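Here the structure comes first, spelled out in structure tokens, and everything after it is commentary.
Order of writing sets the labels: A, B and C. Residues in every chain begin at 1.
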Amino acid sequence: MGDLWSGLTQAFWLVVTLDKELVEISWRSLRITLSALVLASAIAMPLAAFLAVRRFRARRAFIAVMNALMGLPPVVVGLVVYVLLSRSGPFGVLGLLFTPTAMIIAQIIIIVPLIASIAHQSLRDLWQEYHDLLISMNVTQWQKMKTLLWDARRALLTAALAGFGRAIGEVGAIMIVGGNIDHATRVLTTAIALETGKGNFALALSLGFVLIALAVAVNLAIHWLGRTEREGRW
Amino acid sequence: MSDMFPLKVTGAETTRRGKRLVGPIDLTLDGQGTCVVIGPNGSGKTTFLRLLHGAARLAGGEIRWSCPLEDARHDQAFVFQSPVMLRRSVLDNIAYPLLMRGTARAEAREAASNWAARVGLGGMLSRAATVLSGGEKQKLALARALIAEPKLLFLDEPCAALDGRAMREIESILSQAAASGTRLILSTHDMGQARRLASRVVFLLHGKVHEAAAAEQFFDHPETPQARAFLNGDIVE
Amino acid sequence: MIRKFLITPLFAILAMSSMAQAQDVMKLAVTTSFHNSGLSDVLLPEIRKDLDLEVQLLVVGTGQALKLGQEGDVDAILVHSRKAEEAFVADGFGTHRREIMYNDFVVIGPGEDPAGIAGAADAGDALARIATQQSRFVSRGDDSGTHKKERALWQAAGVDPDAAGAWYNAVGAGMGAALNTASGMNAYILSDRASWLNFGNKGDLALLYSGDPVLLNQYAYLPVNPELHPHAKSDLAVALEDWLTSERAAALINEYKINGETLFTFNAQ
């Protein structure tokens, strides 16, 4: 209880005094996760739309695998990315291990199945609604996908936010592939793990509160952006 | 572009899980004007229209247009019994078919607002289509179907949700379209409307064409007792 | 709108990544116990000042540090496990091994000391008393340098921890996490002095035994072999070695104190 309280007050002071390291770490967390989110969405959403409009033999199996991958253990993802990016691994020449890029790659792998699954659910429902009309209009596969993606954009925002939530709070994978290097790959979650290891529970907790606040702030900001849309009525 | 008609339907049928919903149907449609499909609930009107349109899978038989299928599909539009509203504004819904055909945005919107005015939706261009009333949705669907200037337009009970005045407005738009060369195939339960619009009638019963004839002949001298009963408003077995 | 929203951060990211640091950067794998000592927080800024070199620390266990060096994922390692280090050099993964400094291990335990190790004759005797009393003991259990040291001590005490009962708890975690566990269980634990002094969650734990020469903990610096890994920044590794063995480093290391206690003794040749 004492730790909780001193964590809260410490978090408060860290934020109001704009503690230099806190700002640096938070900004890095945000930057890495938002990059991963943008890239993962660019992969997952067209994939979800494709799965909604296109029937092919392995489709059901594909969707089942995708849903299962939502529960992918981040540590395993981290390990696999680590082995691939290590200097003695297949992509070693790129020298990406222990860089923010490696962390972005790991986060993308973790959240693509999540975003794609959630997006697919809403796109599939919308497709049922639109099916007759779009078939009757004889539009191309690509046009169907674009129409679905555009008209379901608010549901897709929810999918993206779920991905953001998972990525920003993730620690296992990015600890492994990023190495938690001070001033290079240390982010909020890995800093929390580090401080916990040192027994600095209050500081760890205060970082935790900042992390939560950041996640809430991003969610609110995105919802606000969504609401200011001209056609934002459904 | 070559003409789509005459359309020859031979032994066409559609099935669902082995059960035949409609067919086998033999029919030839040609010339201009409006073909009205009538029949009791569940007789297969909707399925028949969808089958001709290519939206229901042909399980047997043949549907042959006088032009390549690609061209025929390109020049058709369909107004569904319960219209599908895209989650967009009224204007964007009506402009949608043009945009899909590569028309420039400004031009498509211009045409869409003209059509909206024609069907009486001019005052609600920026409203979300999903919140429209049932009748307004029907009108939107009609405008959206006509904007691409189809050669053939299917209408599945287009006036079912409309009041008398709106029905007259729609009918006049349909007559204009028919006069300017659009072939109409529509289903209806309103015999008054059928008499006003039809140049030819197809009477469906139990998924089969029970009687098909020119409008005057059908309404004045129906050949089968079932058609006579149906026109009288009696129960048809 | 959404497109705009998606694209803006992308540009921000691109702008950020082009702000690459002008100075040299190298990667050094160190053990948790070294990092927990806080000495790196003193040395790294000085290195940056003197050499215009940013040393990025990968804080891992000894086993993983050696592995990182072996695979060429870091440019040098700083660890404390002599046998493993010599094997590392013998196998050609490192160019050589340079001793830098030492600190010592201490035995931590509940303040009331149920096993009475405070009066032990030597480190082996202290552990033997814990085993006899079957007092709870927390082991790192992660194959780290500290863990290896602990195993050696048990062997000297004539106790086989693998055959020990429920009082022996291998947690498979870093020094800090293991100390947290010991604090929670009020158990004995072997720790390096620095980690203990910097540990923030001591609870009822106290430093009970230290001073046996067998508890000394030698740190050595091993640059990665550039013949094996051409991308390794061996010139920077050499520069860092020169600095770490310099008079300046000696002064900084010997004067580093926590709560008034000296932690490290510089002994580079």
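Quick notes on this one:
What we mean here is this: a contact is a pair of C-beta atoms (placed from the backbone, for glycine too) under 8 Å apart; a residue touches a chain by one contact, two chains touch by 3 or more.
As the structure is a prediction and not an experimental result, all values here were calculated from the model.
If you draw each protein chain as a dot and join the dots that touch, you get a simple line with two loose ends. Taking the mean of each chain's C-alpha atoms, the chain closest to the overall C-alpha centroid is A.
Contact analysis places A-C first among chain pairs (by count of C-beta pairs in contact). Inter-chain centre distance (chain A to chain B, centres taken as mean C-alpha positions): 47 Å. Distance from the chain A centre to the chain C centre is 33 Å, each centre being the mean of its Cα atoms.
Centroids built from CA atoms put chain C at 79 Å from chain B. Of all residues in chain B, only 53, 55, 73-74, 76-78, 80, 84, 86-89, 92, 96-97, 100, 128, 130-131 touch chain A in the complex they form. Looking at the complex, you find that chain A touches chain B at residues 126, 129-130, 132-133, 135-139, 143, 147, 151-152, 231, 233-234. Of all residues in chain C, only 1-2, 5-6, 9-10, 12-13, 16-17, 27, 32, 36, 54, 56-60, 71-73, 174-177, 179-180, 183, 198-202, 229, 231 touch chain A in the complex they form.
The touching residues of chain A, when paired with chain C in their complex, are 31, 34-35, 38, 41, 86-88, 92-93, 95, 97-98, 100, 153, 157, 179-184, 194, 196-201, 222, 225-226, 228-230.
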